[in-house]
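Data first, discussion second: the structure below is written as structure tokens.
Per-chain numbering from 1; labels A, B, C, D, E and F assigned in written order.
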Amino acid sequence: MFYHVKELQYNAKPSQPDPVYAKKLQEILGGQYGEMSVMMQYLFQGWNCRAESKYKDMILDIATEEIAHVEMIATMIAQLLDGAPANEQDEAAKDPAIEAVLGGMNPQHAIVNGLGAQPNDSVGYPWTARYTIASGNLLADFRANLNAESQGRLQVCRLYEMTTDPGVRDMLSFLIARDAMHQNQWMAAIEELETTQGAVVPSTFDRKNEKQEVSYTFYNFSEGTESQQGRWAGGPTLDGQGTFEYITKPEPMGQIPELQPGPPYIHGTPPLSMRQNQNNPKPFQ
Amino acid sequence: MFYHVKELQYNAKPSQPDPVYAKKLQEILGGQYGEMSVMMQYLFQGWNCRAESKYKDMILDIATEEIAHVEMIATMIAQLLDGAPANEQDEAAKDPAIEAVLGGMNPQHAIVNGLGAQPNDSVGYPWTARYTIASGNLLADFRANLNAESQGRLQVCRLYEMTTDPGVRDMLSFLIARDAMHQNQWMAAIEELETTQGAVVPSTFDRKNEKQEVSYTFYNFSEGTESQQGRWAGGPTLDGQGTFEYITKPEPMGQIPELQPGPPYIHGTPPLSMRQNQNNPKPFQ
Amino acid sequence: MFYHVKELQYNAKPSQPDPVYAKKLQEILGGQYGEMSVMMQYLFQGWNCRAESKYKDMILDIATEEIAHVEMIATMIAQLLDGAPANEQDEAAKDPAIEAVLGGMNPQHAIVNGLGAQPNDSVGYPWTARYTIASGNLLADFRANLNAESQGRLQVCRLYEMTTDPGVRDMLSFLIARDAMHQNQWMAAIEELETTQGAVVPSTFDRKNEKQEVSYTFYNFSEGTESQQGRWAGGPTLDGQGTFEYITKPEPMGQIPELQPGPPYIHGTPPLSMRQNQNNPKPFQ
Amino acid sequence: MFYHVKELQYNAKPSQPDPVYAKKLQEILGGQYGEMSVMMQYLFQGWNCRAESKYKDMILDIATEEIAHVEMIATMIAQLLDGAPANEQDEAAKDPAIEAVLGGMNPQHAIVNGLGAQPNDSVGYPWTARYTIASGNLLADFRANLNAESQGRLQVCRLYEMTTDPGVRDMLSFLIARDAMHQNQWMAAIEELETTQGAVVPSTFDRKNEKQEVSYTFYNFSEGTESQQGRWAGGPTLDGQGTFEYITKPEPMGQIPELQPGPPYIHGTPPLSMRQNQNNPKPFQ
Amino acid sequence: MFYHVKELQYNAKPSQPDPVYAKKLQEILGGQYGEMSVMMQYLFQGWNCRAESKYKDMILDIATEEIAHVEMIATMIAQLLDGAPANEQDEAAKDPAIEAVLGGMNPQHAIVNGLGAQPNDSVGYPWTARYTIASGNLLADFRANLNAESQGRLQVCRLYEMTTDPGVRDMLSFLIARDAMHQNQWMAAIEELETTQGAVVPSTFDRKNEKQEVSYTFYNFSEGTESQQGRWAGGPTLDGQGTFEYITKPEPMGQIPELQPGPPYIHGTPPLSMRQNQNNPKPFQ
Amino acid sequence: MFYHVKELQYNAKPSQPDPVYAKKLQEILGGQYGEMSVMMQYLFQGWNCRAESKYKDMILDIATEEIAHVEMIATMIAQLLDGAPANEQDEAAKDPAIEAVLGGMNPQHAIVNGLGAQPNDSVGYPWTARYTIASGNLLADFRANLNAESQGRLQVCRLYEMTTDPGVRDMLSFLIARDAMHQNQWMAAIEELETTQGAVVPSTFDRKNEKQEVSYTFYNFSEGTESQQGRWAGGPTLDGQGTFEYITKPEPMGQIPELQPGPPYIHGTPPLSMRQNQNNPKPFQ
């Protein structure tokens, strides 16, 4: 169960309105790697957690913090939209250059949301639950989380570069710091799990049942061998179980596929012999 | 540019048709972590790559292999659908229990695809480009890739457990091995990048501009402190730059948000004083 | 900012696993009118609220409760999935009728979520942010909320009828009661706003600018006049401003539309005269 | 069955082209609360109607009118797009400020639709059937309809403010009037149903089966009690069946959830004891 | 503008309920090539039509018929859902085999739609406006329409095979006939346009501006030359302007792409030299 | 299985960066009729092909070429984004008119993709698998392909008109030529199939089972008979099997639909008699 306090986790006060920037800032609210994504991802991972309770508790602690991040960004966006010139008769709208700048705002911010934030990304695409992952395997999911915090911090840093507003930058500097923490945190949790269960997910599948001949082979599917210069093309594998091998010209190992004709009630393309025996072979002319 | 050979990379021959399993197998074809996702993700990462050419070449080698994996699974699904009883008058359909089993097939496999594979997941949801990530930052993206191969191998292992068909298992054992390789490969590439640029993404943002007071702090946003028992709650941080701190009762640091009323042309809810002065205050009765 | 306590708001303990019912229960978790929808809708309405603070506070109180409802249902679903027979070799799977029953479960519950809840509806369609509405006009939005709680309670009642599990029914009886409260609550808030601002949304648009000749007219666009029998076809209008009028045979009031040809660079269909003067009029044969 | 006449229901003639406004106007054509939504919603409610025939007839009368509204707006948009400067060599394109204004148009209006309307909203997001609701319970659905007409009229009023074109405003003034009528109409139909069946949806569920202790309770899930000042926090409830109660500090009533470990074939995270006994515990380094 | 009559265009009366078939039938209502798609596609093509009025009139005639087809199928589905056993206590539900059969119904038909049709396809995926095409070029669009009627008739024929219900088959036999007509009709309209404007869309683009060396070349991008056996690999081209050429081993004609590094504020992966000069190169360990 | 060579199929070198044009060019990469669509459509048609091997080979030859087209356009977009002014402090950003022009770029190109191409269309909507069609009936699918190449070439021609950059135009001239070839190719393949199996899809459904009275009838569902002037309203039908008939005033042939009330556990709207007997008829006031 949850409780709310009215204060934000950190300041969210722009120095002045900027409706065009408000559109861009939506990316880290409702985008693929925005705060809504990590909020929902951590909530579902926590609720579904079947491992030791310290994991469930840890995941839900961060999840709860992420709700507060969504709150901060939504509040910031609503304030950046103050003064958005939706009205044709505004003075601002008379200068084509100014209108052009303002034309860059998201029209739904005025028409649909009445100068409020929306749960969408920077091109107006709605947040979708397909952004979340909760697989029931913590090592797999913590890698998803490390990725999410990496993409997230990258995007916030880019947005930091796109504004000079000190209030906006202050809030972003907080989010950038928290994303640094969360990267460190998931790396720590990953290290802990890898120590006890190994690095390949899932660790519990009997490796005798995988085709081990190809478990450590790099296939060079292109002309040229630039790809041979990396750590992945030779030396011991990262799971400590094998040695990387580099195949310069990989050959197919499978059959040439041939599908049998479908049954008549599927009405696929009939074999040619049958087509020629039809009594209405009249073509389109 | 690409070339095609008619042989599959590895065998894809089921021992017998199984239309219900064909539906499940769609998950690793067109699902969030199916082969289409890694195929498209690696293609776009390769095409957009602005780093040394060995990275571009390596990424596109794997991308090209993944197209072959999509080909194998699509071929397998088409064969599993042979004999699917779409026809009401089939013998099979007379026994309610048998029909019930068959009722578990995806109806679109017959109606829309004529007993062919479709680019969708196991509940029929279409593959969407929002599954891909290509950020222009290789460390961020390689973490996305490691996650994708972890989720992917996990799902293939689960599907392995759901069948006893030796032909299907043979193909899956190949995919499981390749996913083990790909996890190792992305771990190797990550290690190489972290050695030279550090572990926090992006490494190029000046850390003086982040709010460093909170860069290594774990906030316990719940009652109870089970979350204090992990590696993430104390000791040196994984980026080697700080020490984890655990805050038992985090306090808000921000303002209580108050938004100003919107302008009249937005037609939001007017302040009460204005509402009471209206000359048509007649309520709904 | 938010805090979490580990206890659920109310019990969520099934008497026994039921993976097929788990699939159905997803509707009120991640469906159009599931708990995720009201949670996100109320959060955004609260964060965007520009009216008196009592409204913001009230909306966020309910929003916070709804997060707890999502938590309860997710927890229930995870438990209903205990014992889901994903494994081909299970005893249960040997009886075709039993397998058929189990075949009704959502395959992603096993393959993707590892026996956990997912943020999707009962056909596996992911929750989308397009389900939320936060317009900045409270009367409009409270009507959206009354609708959401009406559709929501209706769906929970239907799900109550579809199970006899006492533990599931206990949780649903709680949700049904809360939805009754929330319908009452939004009706109360609507009544309060209508008293001071009138019943037509938005109340602030100058009605002289609307085409008042047709503001209270019912058009019978079909043969037969059954539609004349309702309250909507005569008597005073509900906003207290007019009288309903019934038009048996409505006539068009507008022009016959004629669009001018597009410019050449759009390459639309050229006018016939131009088509006949082309020097490559060779048809497809 | 339906018939078409060539005249529009009302005039749709802009005074001059305005491709940027055409983009905005798409919101009330293909947006969440655009005319396509009410058209499809009323059609499905009418076709699925199992109540007295006067309801079915009434709903389909409005549905048929809404098709005509879609027609009017589509026609308007096509005319607003006349003169859209898709061509690089146009005079207009030489002035950066003018091009900037024109840059605000939706590129698909030229590239995809050849200067025609599209079934999408103002950010180009396609209309989706998830916008419709037809539940089979008329009171629930009429509340959905009242909400749709409220959101719809609000958006049309906002769009009215964003233009000074007399032709566009003339058409919008007609739509605003019709939305006023439709709000009144659904209010009338709601009143009629509530009189005979009560205000809580669904009215047919036996209230003994709901947890009535919490059916009229407001929970204050935040610090501070501003939310106590409203009509919803005290006095008789709107269904006439109870009294609102206000709980200042709500306590959880449920269990601390604990999920059991998943079965082995799910390959979730194994319990620590099992992880430590693995024979390949080699960590990622 | 449109009018409605209460009779259906053709009979839609099943002989008995069949909720599982109702799910399948949704494909031709709300699927990619269902009646909603052609209805919306023809409506938008008609409203956007800038050619001679006979085209606009013809397109809207068919569009209006298609609304009636949606009406027929929706009515059929609602009747097929009569008797759907949503209730756990029903007799039917006691036999696991029977329940299994019934388990194949779409759960939303009961939970969301109260035994009514929904605007979705046979796997519950909602209809989306991305299914429509209205390009402003009639020849292009009529080819889209011919395709839609071909896919549509194919799907209806498959559904005809999946039932023995005489009432359902009667309705489907009508739709199959109308789709035969509509294929003929679009073929006729295509022939008319190709006679006057040529077969390549768009006909108005100056062919001197296309790279004519490759306008009639078939590239064999695979090993083996089975693809040489078709009409497309030799002889005069169908537009009457050239001769097909077959290239057995196509060679690339373009550059090896090399992208320059991104600017610093994008925070992509820095070049290696820069990475090694960083002052915090501490790797993840 | 597939191989990659590093050279592009054809040149993709812009003369200078143009981030706004990069946004528009996304339409033919990830739009409904972009290269990703034909690539995936042909791949799935090829893999699912159950007809003679020459068809499978031919389809996969083109599919393989289309991957190379996606590669060319992605490479072009990445180069058009060089110099995109994401940074607030750039000189360019100081002039409002210039910023306005630049404001037309897709913000995700900088924030999400780090100046790389994305698998989306020109309004940022992600590519979806619902764009593909692979029905198992080759004549139906080749019509889908002819349509795709027609819409595709039309869009590329429009984009050609929107730029004067010689490098971009050079690449587009190549794509326009290939689309001309592919239209010719699918027309040739269609002709070949129609000659042997007839023009109506599917040709294998026994036409005695369709309602042949209406197989060649044009219904005029509007006032006025402009639609009678076309080839489709009289003369022999294109399948050579009948004669077009024109019905000026079509009459309904079906029943007035009446649905029975739903069962109690569905909680639809109860019949009026039942509503009036309820013991809690208290209305909302």
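Note that a contact is a pair of C-beta atoms (placed from the backbone, for glycine too) under 8 Å apart; a residue touches a chain by one contact, two chains touch by 3 or more.
If you want to know which protein each chain is, UniProt gives these names: A, B, C, D, E, F = Mn-containing catalase.
Model, not experiment: these values are computed from the prediction.
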_By that same contact rule, can you tell me which chains touch chain A and chain F alike?_
B, C, D, E
_Quick check on the interfaces: A-F is repeated by which of A-D, D-E or E-F, going by over half of contact pairs matching?_
A-D
_Rotating chain D so that its CA atoms sit on those of chain F: what angle is that, to a multiple of 5 degrees?_
120
*Count the residue numbers both chain D and chain E use at their shared interface, divide by all numbers used there, and answer same if that is over half, different if under half.*
same
*asked:* Report the inter-centroid distance (CA atoms only) between chain B and chain E in whole Å.
replied: 26
*Cα centroid separation between chain A and chain C, in whole Å?*
25
*Sequence positions of chain E contacting 2 or more other chains*: 1-9, 32-33, 47-48, 50, 53, 55, 57, 60-61, 64, 75, 78, 86-87, 97, 100-101, 103-104, 110, 112, 114-115, 123-126, 128, 130, 135-137, 139, 154, 157-158, 161, 187, 191, 199, 202, 205, 207, 221-222, 224, 238-239, 252, 254, 257, 259-260, 262, 265-268, 284-285
*Please give the residue numbers of chain D that touch chain F in the complex, ascending.*
1-6, 47-53, 55, 86-89, 96-97, 99-101, 103-104, 106-108, 110-112, 114, 123-126, 135-139, 190-191, 193-199, 202-205, 207, 238-241
*Which positions of chain C touch chain F when the two form their complex?*
154, 157-158, 161, 187, 265-267, 284
*Which positions of chain C touch chain A when the two form their complex?*
1-9, 30, 36, 40, 43-44, 47-48, 50, 57, 60-61, 63-64, 67-68, 70-71, 74-75, 78, 112-120, 126-130, 132, 134-137, 285
_Which stretch or stretches of chain C touch chain D in the complex?_
5-13, 32-33, 53-58, 60-62, 64-65, 72, 75, 78-79, 82-83, 86-87, 110, 114-115, 125, 128, 130-131, 133, 135, 137, 139-140, 143-144, 146-147, 150-151, 153-154, 157, 160, 169-170, 173-174, 176-178, 180-181, 183-185, 187-189, 191-192, 199-202, 205, 207, 209-222, 224-227, 229-232, 237-239, 242, 244, 250, 252-257, 259-260, 262-263, 265-268
*asked:* Could you list, by residue number, the parts of chain E that touch chain B in their complex?
replied: 20, 23-24, 27, 31-33, 97-98, 100-101, 103-104, 121-125, 154-155, 158-159, 161-164, 221-224, 252, 254, 257-262, 264, 266-272, 275-276, 278, 280-285
